[in-house]
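In the two complexes that follow, chain A is the common piece, with chain B as its partner first and chain C second.
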Partner chain A sequence: MTNKSTLKQLFSAGLINGGIIIFLGLVGMIETFSQRDIVSGLVSMGFILLFLPFFVFGYSIAKKEPDQSLRTVLFAGGLTGLVAGFTTALLPILGQFVNIRDMFMNASPTLYSILNFNQGIYLGGLILMIVSGIIGALGAGFLLIPPRLRNAFLQAVVWTVLLGLMRDLLIVMIARWGAISYIFRWIFASSGLTITGALVIFFLVGVVYYWRSGKKQDLPVKKILSKKQKNIRFGKLVAAVILMLLLPQILGIYFSEILDNVGIYILMGLGLNIVIGFAGLLDLGYVAFFAIGAYVVGVLTSPEMGVIQITFWQALPFALLASVTAGVILGLPVLKMRGDYLAIVTLGFGEIIRLLSLSDWLRPYLGGTQGIQRIARPFIGSLELKTQGQLYYLIVAAILIAGFIAWRLKDSHMGRSWMAMREDEDVAQAMGINLVATKLSAFATGAFFAGLAGAIFAAKLSSAYPQSMNLMVSINVLCLIIVGGMGSIPGVFVGALVLMGSPELLREFSEFRYLVYGALLVVMMLVRPEGLWPEARRKLELHESMEPDALPNDIPTVTENPAG
Partner chain B sequence: MLRTWRQRITIADVVVWIIGLSIAFVVVYGSIKTIEVGKYNTRVWIDLTITGLALGGVYALIALGYTIVYGVLKMINFAHSEIFMSGPFTAVFLALALYKNGFWNSHPYISLLLVTLLAVTVSSTLAVLLERIAYRPLRTAPRLVPLITAIGASFFLQYAFRGFFGSGLQAYPELGFLKGTWTFGSIPVYKTQVVVIISALIMMLILYGFVQLTKMGKAMRAVSEDKEVAGLMGIDVDRIIMLTFALGGASAGLGGILYILLFPVVHFFMGFIPGLKAFTAAVLGGIGNVPGAFLGAMILGILEAVGPSLFLDGMGIAAPYQLKDAIAFIILVFILIIRPSGILGERITQTKA
Partner chain C sequence: MAVLTAKNVTKRFGGLDALQKVDLEVKEHAIQSIIGPNGAGKTTFFNCITGFYNPEEGEILLENKLITGLSSDRVTRLGISRTYQNIRLFKNMTAVENILVGMHPHLKSGMLGGILRDSRTNRDEKQALDEAKRILQFVGLAGKGDMMSKNLPYGAQRRLEIGRALANKPRLLLLDEPTAGMNPSETQEMTNFIGHLRDSLGITILLIEHQMRVVMGISELITVLDFGQKIAEGTPAEIQKNTRVIEAYLGRGAASGLSEATA
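On to the complex of A and B.
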């Protein structure tokens, strides 16, 4: 049934799988996450992290199997899991004899006992192998379940895990609801979900999703909507807007703070999306414009700097103007450069701005390492916007304006020039597109949004520090665009919510944030370069030029997504 | 009909040239002022230049990796700075272990050799793995895709090493035989600097010889000229690309060891700035060109060491040394304005775009 070459494949898959788990362990993720319960006392996040790879590898190895009978599939998955479990079990054994902790600081007894189920290295290793074999076989068997049931199961698991992770926040949130909160209390334990709670959520989501997925079978064709349908859609939109406006009231201060941060990143994402997504110019110094926006507002409004002291609204146009000017000035020298040069030059530009803001030379003007304090907050009439909930509205307004501009620009003459330039500069130029003006306008628009975000950020913190203007801001924005989908406006929202929201929800995660972001960028580019919410044209372009077998065939389309 | 020069010049060009000229003006004016003030004597300038040469040697070895990878793949390996970091960051644990059992002090030469071998092996292996996992599947993808992958890989590696070895600093133990100075003529020079300059020079010569004289090197040059035709000529392109990464990684690992001779402290973020500088050096010399990388690195090293005092001090700028990194980046921008192909480079930016 299984010949030699597939056997070799199974073994190497198992080895890779084991290697991944050892990596996760040594990097410290398994131990850190094992402190976070999903289902109280039963399932921790570390547990999921430890066993998910077995499942995924079992599933994907079974998928490659040419013969899809139950026996071969289970055998393939089981064997892969077994090999992986064996490889993983070697780590504690090695740790027993060699002191690797001097080097790998996470190779701790705690990690070993997690890997060994507290049963010592040999018995524990055996248990790990058996469990991983079973999980690998389960993953493989998962392939044979009908897709509808499979998707329902997946959704149920994802929702259960998500709610378990968000327990601390949800508790705070529902506590504000008074009597209603008692309906939900029993779901949550002192950490994670209660077992009943988890089961109820699991079955509820599973059944609802199973029932819903049976209803729509039609092809994803864009239909012309009747008037009634249009009204319904409009109604939904209005409801969404009202909900969005009420959010800070419902969610409380902590959530509002998260939303504010996500919102500032959405604003920057909208801008960088124009530069990278529409115009195809990889800008890694995007934080520079953000910094310029923040610092201009700071210098003009803070009494510390003693230049002049004007209000936030008076300073805002200057901040935007400065950012746009900087965008154009940066754009000019890099006009003739290819993408990769551009990336490094913009990176260098971002660093220059940061170094200047840190330097003693400009200390009298920019405050040096101390930054600028006491930056004025915006007033509306006599109301000072200073709580998270109030600033939320300012940010939402800014996002609406920026989103509207981006959306209208996308199909405008300029937007089309950007996209033409992105596909092929030479052809675009031959078609009569003025590359200089097109590139500069992309830089300027991007810088405008970043400057706006920076100004709001400065007002929100009422201070501006060089430390918060580092390269990581640019990388965050880049990641959220890539994950959401280059060139896709809804993608920016999705990316920002996922990437900027998740570290807040999962405190343990923030330590591994950039590790995960880096991996995410690589994996996204390898597997799904068009992003989670792709733009139609971009998707076509990316898939056309890649080898057909470089991509899995079952990429879920947007229509399968419950949000879509 | 040919247009006259007046019609060919756009406003963009004018602004770019104004930016370029004002940078040049600052450099010249600052230098004259500094020399007029005469705060530093000749000895200081010589010391700074030697420091710059030593830095340049390190940059040259890192820049080599950028240059040869760019040669074969036409892509900037963003993660190269992390490959540079991985070698010395891993080898520090060997050095500390050797130090603990006394071997480091009793056999310093062998210890240094062992540490170097480990650093080179780690960097080189990591580079090959990176190519295999992250870059090879994307060779036919649009240009932006491998670039973003490389950025992702860079951060992934940085934070993976942070997770492995911690976010703190690790210091290399001192090497007794490299302490102190040697005197050339009447000028005392730190031994480490001399060792770094000479080893960098020898390594560059060996690597250049490898690329120019051996059959493998010839295959490498053929692949960088045209991958498809090289494949038709019976060259295993995948293998050559792997070799290129291995070579670039090895030279980065070596550069890493030389770097810790100058600054004996390692941490997970140590690769970022030297990597960026080395890239600047590669561009300055003409990317894709091995002697260019060396030349560019030396020039950049000297400019970085001498520049802050020479250009900025005379103009009364406080603490000019803080701006040394900014100087390197401004040089990068300046070079790309004046001569995007670099000092020794062909006009890649336009012909092979």
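On to the complex of A and C.
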């Protein structure tokens, strides 16, 4: 039976849950999101946002229950949901008697009616409590379903929601396909998915995933692959590259713009991944190299600056050289620094570069707040690359080169030195690794990729502004590496798509962008710290329980003596 | 001929003299030990030899070449490598990668070679991998190359650390408590292994050790440190009888009692 301390736990979980929903309501997320249908006329995004916490809390509170019988689990989840529902229901009641709109402008009658199912504060509150209790219990009961079915169900829900969210874009996309498009039309309603469409997607994804998860998966150990596995992997890679090349043709112009932005972030991510993921040097001023790449191309190619005027291709080597040099120059003073100190110094470096580009002192050369306009676009033969679709291929080419370099370096002599340095700097040095050269090479390689990204970015916008070189760029790149998986090259692609692509797709949510970011990072760190597509070894590092050999078979019995 | 000569080595941490004018000479192909109570300065002395610390006074020579003041990677390149008291493997790298990092000073391929994978780089890497596998076999870890080093059993981690140090092809190997945390049979195994190392590879070994059984059984010469000072030096038999050593370990009363008993 549930005892007193667990009861207390249930209540506090319920309170937190209610608090989260009130918070989401007061920042306006629930109301905004409720205008977006996932399944037409049935399920809105706001609906999901409102009820998902009950489910998640019910699930996680049930997981903590020592006794996993159906009755206790359902009771725990249900009670948590009930408390949460009660807490949430207090908000409209409070709003009825006290004017809180002065302080919280989103505490609108619309929000209240969403929370109350349009039934008034008392009856509505009661309904909310019952519904939340049931959802909490469902969440708890979800724990008792076999994991394979559970995962299939989760995947099905996630895919249905994603496709529902992307409806507007998908409609535009399939409209381009002509006759084939009619096959898919019935899935989409005027907003969101049709009910049939949602059900079909749900079951299709669920069944496919359930069937696939039945196959035994290898433990993620670093292995030397057999010839056949290598061929399969190569085949997949080729397929991915071909898909990347065809994407703008399939997706259309609006997508090309998004893909360009994602691509530039992938390029930067590949570079920062070498600095942070491989070599373990926390660099928060990464945007500096991006800015240098962009500005060098700007100064050298724009007729406004009047120094010299050369083509993009002639300017590119200078941009790369300047970035790499800056990487080395930044590297020199921070050689002795580790961890937090390194982060702070690099952060400062990034700001210095941004402030220099803003400064009046350098205005004659860099244009001050106005930035540099009319930057030359790259030509291939007589073809000027200026549409998003054309520039996309330039970006893909750069990504392929950068990806290839990163991939080769990872398993090379230098890659091992970086990794050893990340693991233990002192020991790495004691193994004969020259820390100066190793660190500088990591900084320089990272700066090279960022400079390349910056040069392309400048050519794409045909301008460079100080405003686009701010700290958020560094933070975004760092986040996409963390979300994708530190040290993982495919992780950079996944992270960039998720973090940079999704806000572009969900424009109307953009005011909550950083809120969602923050929440996503916290959840990632708690649930999946190794990232979405982790490097094999990192997976082992953070989920040791997965590995049967993790326990040493002879644990030392004598405690070691402190330094002699 | 002496492989390593330390003269007058003094290392201070603030007001504390961790090492005071320590002299030491390690002869070629010898197995020598440094012993002493906790806090005697043994590991500090190792850190001074390997260049991790820079001693305030005195000089250390490796085969007549002055190495004090050099950074630890330079010292390693000159032929000294070490293991650590509390194992410090690169935990999230595989066993074979640990060895390959140990071979670092002997690998020449640069970044460009790593990217382009020209035939020379490929050949070097292949050779390095074969060599690494040989070393794994030598330390008794054949077939474990692809395991994460942290997933290896404790004794195997110790051996891997020695393997990594050997990959440097050192002339002088420093072992910091190689049998710490081991049971008697593992200790015996490790002791035999250390002897085998010296005989088959022809290298010189200097070790810090706490277990007297190991020290007395294996060393040709023992140096005793206490509070940063060298208080005795000699063969195992001499050290066993030395009253200052017994005092340092067991206290003054015990020493007098013991010497009376042996008298």
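In this section, the second predicted complex is superposed on the first by the 508 of 564 C-alpha atoms of A that agree within 3 Å, B and C clash if a C-alpha of one lies under 4 Å from a C-alpha of the other, contacts with A are read in each partner's own complex, and residues count from 1 in each chain.
Keep in mind that, in the parts below, a contact is a pair of C-beta atoms (placed from the backbone, for glycine too) under 8 Å apart; a residue touches a chain by one contact, two chains touch by 3 or more.
Everything quoted here is computed from the prediction, not taken from an experiment.
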Item checked: First, second, both or neither for A:521, with chain B first and chain C second -> first
Notebook entry, point to check: Does chain C touch more residues of chain A than chain B does, or is it the other way round?
Noted result: B
Note to self: Quick one: is A:335 in contact with chain B, with chain C, with both, or with neither? Answer first, second, both or neither.
What the structure shows: first
Notebook entry, point to check: Of the partners chain B and chain C, which touch A:228 in the superposed model: first, second, both, neither?
Noted result: neither
Note to self: If I apply the document's touch criterion, which positions on chain A are contacted by chain B in one structure and by chain C in the other?
What the structure shows: 426, 541, 547, 550
Checklist line | Residues of chain C touching chain A in the complex | finding: 36-44, 50, 52, 71-73, 76-77, 81-82, 84-86, 88, 90-94, 97, 100-102, 104-105, 107, 109-111, 113-117, 121, 125, 146-148, 151-155, 157, 164, 168, 177, 180-183, 186, 208, 210
Notebook entry, point to check: For the complex, which residues does chain A have touching chain B?
Noted result: 23, 26-29, 102-106, 276, 280, 282, 284, 329, 332-341, 343-345, 347-349, 351-352, 355-356, 358-361, 363, 425-426, 436, 440, 475, 478, 482, 486, 512-515, 517-522, 524-526, 529, 541-542, 545-547, 550
Next item on the list: Enumerate the contact residues on chain B facing chain A in the complex.
Entry: 10, 12, 15-16, 19, 75-76, 78, 93, 96-97, 133-134, 137-138, 140-149, 151-160, 162-166, 276, 279-280, 283, 317-320, 322-323, 325-326, 328-330, 332-333, 336-337, 340, 349-350, 353
Checklist line | chain A to chain C touching residues, read off their complex | finding: 221-224, 404-405, 408-409, 412-417, 419-420, 423-424, 426-435, 441, 445, 537-538, 540-541, 547, 549-550, 552-564
